[in-house]
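Here subunit A shows up in two complexes: once beside subunit B, once beside subunit C.
This part shows the complex of A and B:
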């Protein structure tokens, strides 16, 4: 494992990539670094990057949550359904958050206390929670929310920043504090590296897994509500397929799919890389689908490149000795 | 009990109980829906099951080797569109060549996944998550967002879904369903009795052991992805025949139904156990629910919620009940072995 320093540090590679993309973007458009564009940059993918933060903890823990996009849809549909059934908006929002927490805890129960693989449980959740959302709203579209609710997602509230961006920043700080500055964060890594060793050391493995999945459900619900506020209307199929983008962001950030390694600095950089890349390709008139292809290729390369580098390095060393 | 344990494995009990569950579901829908037991209902279910089954066969091989292929929906979409566009341009193309085009394209796409997983050592979930996006992107760029329409396709293809191979009573077995059954039978025999087929199980049960006894582990993983791609290509042709109109969104999200069929069918998501036949039963269960709920008085929107619950129950029963059965079987085997070992000493 004596790779060059720059390759060993995944974050350095991401940083270099980010600087390159930003430089190209700045060369392309003089308005690129303006506050308006930066806010816009975050605003377009804000719900996904909020969920990516908690997904980072789940994947480092050695699990995966495929149901987040369905929980986003479920929460938005619960809020819309209750609001149109005559509930005051704040109560409807609280109920929606609670439904997200319940959905997450339900996943967590089967993973932590019954010991089922999270890939299968949350796949069932992906289909099932979407199903509940569809039962609630069927094929209708709900709109007509209070003006203050729509304003949360659409208008700058604090200086040029929207509430969503503030929430993202606060959550980023909170998650970084938990993951890198608390005992709980160390346990998340320990469990991701060796869950059996963690259990024999007296770590409350089940409780922590349940907590993480509940947090994932709650934050996904919050993101779903922010998405509803930004769009101003709610449908049964909102946020379909977001889980792929969210997992891509996390894995591109250098988090291992097998758990136990990765950090929020990498994920933060990966968020910036993806946002800038999409924005840059948008400026260059490249369509959304090609953008998704490029990000898919980037995801595969992000794991393939270090593997290849290491293989070549081992071969090279073999020739020297 | 001893007889039972010697002749039936726990996995077969699981498949039998799924079969029983399908029968119960059919009886339930039969009681709830007027005129349910008709050949029309059967054909509807069979048409929807056929495509999922063929893709699920390939997916089963991949899951057996401890991997997953999430790109199948995009491969089905690509091959359906490409085969359709080729046919629209050259009406005289023989049917067999059309099938071969679809299968060949699917094989190439599967091979790309396989090389990256087996030799690039990139986890399959990352590779196929990426190629899910890339293949769909290629399709949209290649097609220029145009649609293959039924009108541009030759008559033999449009008539294919209604072609009856043979009839049992008043049930017509249509060509596409018969094709799916043939695929399942071939792969079931190959994975049960052929060396090459058993290698998938060896690889998934214990990769290190498979490597140590000299199995070509990388080639096994590679061929699982190639076969998954080829089956998706075949399914792409079936998709084209069934729907005729192929947009760039064709078969988007199919991977979820396929993985669901495989999991409900009892293929272990951690590899090493499960059968192609089980995956087909999973597809039949899902297809029956999907097509029957449409005709119940309750809203069709219940479908996904019930499907999600079904997957959860399937996985939970695997973990809780099947593990106990396996332990029971292993204990009995141990008794038989120890008795056989003790007897020669007692006789002289």
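This part shows the complex of A and C:
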């Protein structure tokens, strides 16, 4: 599989940025390279980057899922609610995952079989699933989960690694295999480029879209449960606003918002860039709005730069002829 | 400076001589302790005042290490607070002073930091379960807050009473929740019998949300006469909403507010009376507490006493408002109305 030249350039740019940020971090903080810090660097954003993996497939497919953060909240609230209603924790977790899958499938049905735009469908999901989550837990905070559940999110299980980090690594490998090494992955790109052409060539467009949205809901639910385990308590507003961070990670990774192009290498690099930047700023005691602005500026540049480069390139060519 | 030090010594001596109460530990200045003051989020006037108070204490104690004032953005408060606590543990700071906005969700991060030797002092809003926390510096007694709010409601609504509603901060803000609970308990007394609490809404300490929630209350309760907002953001938003909608004759606003922010609304009658404590003092006392803990001058144990500079002697006690946890009670309340708000706003 060969990448288009422009994309390869984008990844090189991200790589250079990553090296620059890491070098600055090393120069700035003696704590940056500690094992504990590297683990924390992933841990603090781990749920978002897990969801970013499946979001990559969704966006390449030419769709969007704005409901992921609400599904994260929904799953956490379902698990907390059922656990406090007397269910054993494993059953509560299974039901929470199922609720995520159902929420995703519901989105998928309207997009794939009714043909509504995913922007509208998942925007409704963003509001609706959050509503259900808030109805379940109201204004309370549910804690007191079994120690093994909290340990999943808080304590290292394999060497210094937490379960969440291992899940991220496994999912990354799995998604890369699907997207870049399977027939399904090729169809995801084909549909993202031209869904009509894909349909006429006999691609089971609907089934694939339904599958992607269901996967998105399930993985978002998993991430929501990991978030609950990491925080040790659940509220109705869990993960509010995460969808924007998740989507920006994917876009910074060079995935086109119009679908059809992008890859997981870019998204992986984008994850490392954002995580290291946040961590470095945190260790340099830069927080709040300053941190948000720096990351915001980076994202604006990342969205504008390729388009501007393209425009300039076209103009230049026009002058030559 | 010398005077202050002398005063400190004098207070310390007095503390030692005091016939009743525990022995007050003198806090030795000049030791390097890097500290972080962590508000719920940045950009709120009262937290800046607490920062000023902490800086004042830092100068008095001649702490050569830095005091950082770090906080998340309002939209990212929970994740942001957890991130700052986690990074503080990595950096190995001496003490962390947290106004907790994350309920018990901060516990794993606070415990991890505490295990690495970081002293955790909460101020303004504690960790509900007290896990991972050394001591909570409480601004005022939470029960007193309830009575003060009930009294203000009574004095505004008069003997005839009437319907009122609460506009609070976030649903999981431990301090607001316990004040409201204390007020509900106070309301059971016969003298408040004619005050009817219709409902509680949450503006999440964001101006726009609070503004809209205040207007929603007006729509929901036709006989509403008072909005009680135990949050400095909520009370301003509610007062502005009533003023903008020209409802101030019908519906009054009260609660906890900053004189500087409430001046015009108290003058024009929208918010005839409100209360608050000094956030400068709260920051100052929190700094002394955290510094004392980090330098080993005081231990996080009930019965430990120390002298907090100009504010005098304080004692750590068991926190009566929570199941677990230790508390230092600052107090007292100041009530503001048209007669004294101008002076306080300066």
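One rule holds for everything that comes next: the second predicted complex is superposed on the first by the 300 of 321 C-alpha atoms of A that agree within 3 Å, B and C clash if a C-alpha of one lies under 4 Å from a C-alpha of the other, contacts with A are read in each partner's own complex, and residues count from 1 in each chain.
Throughout what follows, contacts are C-beta pairs under 8 Å (C-beta built on N, C-alpha and C of every residue); 3 or more make two chains touch, one makes a residue touch a chain.
What you are looking at is a predicted structure, and each value in this text was computed from that prediction instead of being measured.
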Superposition on subunit A - do subunit B and subunit C clash or fit: clash
Subunit B versus subunit C as contact partner of A:231, first or second or both or neither: second
Partner chain(s) touched by A:292 [first = subunit B, second = subunit C, both, neither]: both
Subunit B versus subunit C as contact partner of A:283, first or second or both or neither: second
Touched partner set for A:129, first subunit B, second subunit C, both or neither: first
More subunit A residues in contact - subunit B or subunit C: B
Touched partner set for A:120, first subunit B, second subunit C, both or neither: first
Touching partner for A:265 - first (subunit B), second (subunit C), both, neither: neither
Touched partner set for A:257, first subunit B, second subunit C, both or neither: first
Identified clashing stretch of subunit C versus subunit B [37-45, 55-63 or 91-99]: 37-45
Shared subunit A surface residues [contacts with subunit B and with subunit C]: 138-139, 236, 241, 287, 289, 292
Residue ranges of subunit C touching subunit A (in the complex, touch as defined): 36, 41-43, 68, 70-73, 75-76, 78-80, 82-84, 86-87, 90-92, 102-105, 107-108, 112, 128-129, 170-172, 202
Touch list for subunit A against partner subunit B, complex: 110, 114-117, 119-121, 123-132, 134-135, 138-139, 236, 240-241, 244, 247-248, 251, 257-258, 287, 289-290, 292-293, 295-297, 299-300, 303-304, 307-308
Complex contacts: residues of subunit A adjacent to subunit C: 29, 31, 34, 36-37, 40, 43-44, 138-141, 143, 150, 153-154, 230-233, 235-237, 241, 278-279, 282-283, 285, 287-289, 292
Sites on subunit B touched by subunit A in the complex: 68, 116, 120-123, 125-127, 129-134, 136-138, 140-141, 253, 256, 259-260, 263, 269-270, 299, 301-309, 311-312, 315-316, 319-320
